[in-house]
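Structure below; questions to follow.
So that you can tell them apart, the chains are marked A, B, C and D in the order they are listed, and the count of residues begins at 1 in each.
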Amino acid sequence: MNTKKTSSIARVIRANRFAKECCEMVLECPGIAASAKPGQFVQMKAWEGFQPLLRRPISIAGVVDRSSLLLWIRIVGPGSRLITSKLPGDEIELIGPLGNGFEPPDKNEKVWMVAGTLGAAPLRFYSQLYGAGADCRFFYGGAASCDMEVVEDAEICKMNVCATTEDGSAGQKGLVTDILKPALDESPPDRIITCGPKGMMKAVAALSAAAGTKCDVSLDCFMACGFGACMGCAVPILDDGGKRYLHACSDGPVFDSAVIDWEAL
Amino acid sequence: MNTKKTSSIARVIRANRFAKECCEMVLECPGIAASAKPGQFVQMKAWEGFQPLLRRPISIAGVVDRSSLLLWIRIVGPGSRLITSKLPGDEIELIGPLGNGFEPPDKNEKVWMVAGTLGAAPLRFYSQLYGAGADCRFFYGGAASCDMEVVEDAEICKMNVCATTEDGSAGQKGLVTDILKPALDESPPDRIITCGPKGMMKAVAALSAAAGTKCDVSLDCFMACGFGACMGCAVPILDDGGKRYLHACSDGPVFDSAVIDWEAL
Amino acid sequence: MSNVDMTVRIGGLTLKNPVLVSSGTFGYGREFADFIDLNKLGGIITKAITPKPRAGNPPPRIIETPAGVLNAIGLENCGLDVFIKDKLPYLKDLSAAIVVNVAGACESDYVEVVSSLSKEDGVDAFEINISCPNVKHGGIEFGTDAGRAGELVANLRSATKLPLIIKLSPNVADVCEIAAGAEAAGADAFSLVNTYRGMAIDIAKERPVLGNKIGGLSGPAIKPLALYQVWKLYQSVKLPIIGMGGIMNHIDAIEFIYAGASAVSVGTANFIDPSASVKIVDGLSTWLAEKSPRGFEYFIGRAHRA
Amino acid sequence: MSNVDMTVRIGGLTLKNPVLVSSGTFGYGREFADFIDLNKLGGIITKAITPKPRAGNPPPRIIETPAGVLNAIGLENCGLDVFIKDKLPYLKDLSAAIVVNVAGACESDYVEVVSSLSKEDGVDAFEINISCPNVKHGGIEFGTDAGRAGELVANLRSATKLPLIIKLSPNVADVCEIAAGAEAAGADAFSLVNTYRGMAIDIAKERPVLGNKIGGLSGPAIKPLALYQVWKLYQSVKLPIIGMGGIMNHIDAIEFIYAGASAVSVGTANFIDPSASVKIVDGLSTWLAEKSPRGFEYFIGRAHRA
């Protein structure tokens, strides 16, 4: 983390519902937009008082017009509901950019992306910033066809997208790992970057390890501060010397999947 | 209290801002509207969760179309802000009618009303239900001219209104008791009913006592349950036998001012 | 609502379902009759009864805090005689168990209430309040001293055959010590928590907000604390536990059951929604139906097995 | 912001204003440097330091509750050596007072940290954490036993000349007893409260939510409880008190000052707004300017005089 973190008040430029219970928001926030890296996130508060008490972490899905942040937010509880109920012109408190972010691709490095539903957000930003194109494979897993709107995003469409849904209502029926495995067997890339539900990432990490491919995961875990002050977001690390933890908000949220103690996570 | 209390979901019919930070609301709630008496109140909740935690007591200011309640609400904190932010069509949880209410006028009884700002609400309902007319004197005290919208209400206008404002920007400059006192000196009524800030009611009670006029006050005190279950709303009573309390929500909110221990209130 | 069997035994007391309503938050029961069918409740715990009527504390007696309520009612109640004459006759006809909460300034107060009411029809059990934080002599001296708690319980034991539920104070270093004393002396069950001592200051008036200065905190704010006390007590006593503190819905109730409560009691929630208790009965019933064929008992203390 | 004098002395420690930030909620200070000017603070209390690094508890370590945060970090910290090498050099250059929070599993742990750091430049005082509820041997056995608290303080007293601020646990029947032991043994000041023991249960998983099962509750939910503890302690000790527990804004801070705190410490609020502490400094400063010519000291414990 070398970018300076700031506390800002961002103005909502756009807020549109999409997919199922999701909202795409564009927030004017030039400071954070200028320095953010893919995989980094912001901590948001869009309410007065103590209900909920803590800010909510949301990945940066992209930068719009150089000065605004694109966010994809799923409504799962009170925090995400209040954030996504804001209308254009309303203000939201943000701190960011937070976290380490994904390593940019090395020259000629072949990077694949694997996303579960809104886990696509930081990967979309990666593609936007580092210009992943049709030679980049983007594996996507959703629950049902309503999740497919994510892969209709222009930035994601540029890549070579393979999608699955659990119920088979769109794309191939099954889990994203069902299509990732044969692809890895055929010709593994240099690196996989992935974000999605824990179970999915654990499976992706295992497949990558088996294929000898480096795999960077962006972990989602409960956070209080978001910038290394509370030690709340412990991520268990494989270590001979007994128990050891890193912190999702400051050491992560992106980790080399090989260092994570998935059983203890 | 002989009316059955009910718990209802009321639909907002109208919600208009008036005066300074006040809102006039009409809520469709046939059950409570049918049985409510002037001086009774409802306990309202227009939010999810625990912020604020307790319902908020609001006097019934009148009944509209036999099936709706008229409320006058001043925005002073989170509860009143959330209630008054509701729009036509929205729903609000109510319990009521609660409390004892004012005694109806006896045949030929001469009743005067003394109100401080929104304390006018239950008195308006009294006038509406019991048909107070031009021979009923309505003394009104506001802080400034913006409070005068209250006495422009059609129901209140029917009475013989004398108004004061503290800053003199409308009506006579001064306190409502400044105009009540000479009127009482001249020819006191059979009864005064009053509602407003504590200091005002205490002064009105003292003037009435001096004039030998019965005075019924409607007290505003913090309430938890609103129907006699928590003993939270204690009103200290003058009693030779030591300390004694009545309860604003169930014994009141209307009390004979002569029984109240104003010093301990 | 499904028709599962939620009967639970708390000492000698049989409840048709594990949901009670807490002392001081439900008046003498009748106050809620307009809103709910009282017969749907497992039990009703009355406001604390003392031998003589008590006026209670000067106002303000109750205020809101973040997700909580701070109260200092001061055990205002109608006294034993009025309770027997005016309140009990109504309660006695209900099918909900009637639990009388008993408070006093000294041992003989408790004994008087318990022995008098044991002769009356309609009382199913006593909840012995040795934990009121809001009056100087409200029994909390028994609630913070294991020896005195034991003595009191032993005395009450000889005064009644009805179940004695000891209501514990959380304002102690270790609730288990006090409980051990009471258990040895013949208590039938425990209930906890009573409120946590707290206060608020009015910075404009430069004095405490409450008339009594100090009050007791209840409501969602204390739920994590109350749940811990039940969890801890469950590990140290054999007697059944009635859990309470911030229970607002059936999910909260299940948390307490998993922590070790055989029944739960709903307090502050009654103020916010007078039908909260009945909704919790319904919610538990639906939950249990989904868990079938496992019966209710299976879930008591379940989280300790993880 | 007005330019009033808010200097306050806490034992031998002089603070330029009465606002500190609480241990465990402010990392090692530097984490907040992007957001605020650390030199605006009266003092910074570091995360607990133990002789050796500690990994802390398994996740989840922190969850939200109504108006509260439940944490079981488990004293994760970099250990004495890394603190001296990597953290202290940065802190030492700040004009805010640097208070090192010290924890340990046994007396010698405390003595080791205190005597080592007393030799270093940059440490202004110690806060002795005898109240961590989240680890088996986190010192809470000292915090709940007046005798052992006194012994520990006496030992530390001979190990350092720097002010010793004893951080008290609210998880006791009477915080004043523990404080009396520490006062007699040579403590310079008290800070309270540490978190209240609490827990939450995941009913789907049928187990406690926190990896450590039990945690400590902080935030607005506990403010009424913390305020009461400060109020009570103020009546029983002569030493100055640093008050904390749910302070979110300068109004809350003033409540603590009126209850008897000579300074306040901001904890959970730092998570919600990293500049909360500085806003409180500004708020207090404006408030005090309005109260002029009365100085800050006049208001400490003011509500007791009502």
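Here is the rule we go by: a residue touches a chain if its C-beta (ideal position, glycine included) is under 8 Å from a C-beta of that chain, and two chains touch if they have at least 3 such contacts.
Remember, predicted model here, so these are calculated numbers, not experimental data.
Colleague: Among the chains here, which has the CA centroid at the largest distance from chain A's centroid?
Modeller: Farthest chain from chain A, going by C-alpha centroids: B.
Colleague: Looking at A-D and A-B, which one has the bigger number of contacting C-beta pairs?
Modeller: Here the pair linked by more C-beta pairs in contact is A-D.
Colleague: What's the distance between the Cα centroids of chain C and chain D, rounded to whole Å?
Modeller: Result: the chain centres lie 34 Å from each other.
Colleague: Please compute the C-alpha centroid of chain A, do the same for chain C, then give the distance between them in whole Å.
Modeller: Each chain reduced to its C-alpha mean, chain A and chain C end up 47 Å apart.
Colleague: Counting in whole Å, what is the centre-to-centre distance of chain A and chain B, each centre being its mean C-alpha position?
Modeller: Chain centres of chain A and chain B, defined by C-alpha means, are spaced 55 Å apart.
Colleague: Residues of chain B that contact two or more other chains, please.
Modeller: Residues 50-51 of chain B touch two or more partner chains.
Colleague: Do you know which chain D residues sit against two or more other chains?
Modeller: Residue numbers touching two or more other chains: 66-68, 219-220.
Colleague: Which stretch or stretches of chain B touch chain A in the complex?
Modeller: Listed in rising order, the residues of chain B that touch chain A are 49-51, 78.
Colleague: What does chain D use to touch chain C in their complex?
Modeller: 65-68, 70, 144, 171-173, 196-201, 203, 205-208, 214-215, 217, 219-225, 227-228, 231, 246, 251, 254-255, 258-259, 302-303, 305-306
Colleague: Which residues of chain B touch chain C in the complex?
Modeller: For this pair, the touching residues of chain B are 4-7, 45, 50-55, 93, 95, 221-236, 242-245, 250, 264-265.
Colleague: So in the complex, which bits of chain D are touching chain A?
Modeller: 24-27, 31-32, 34-35, 47, 55-64, 66-69, 71, 73, 76, 219-220, 248, 268, 270-275
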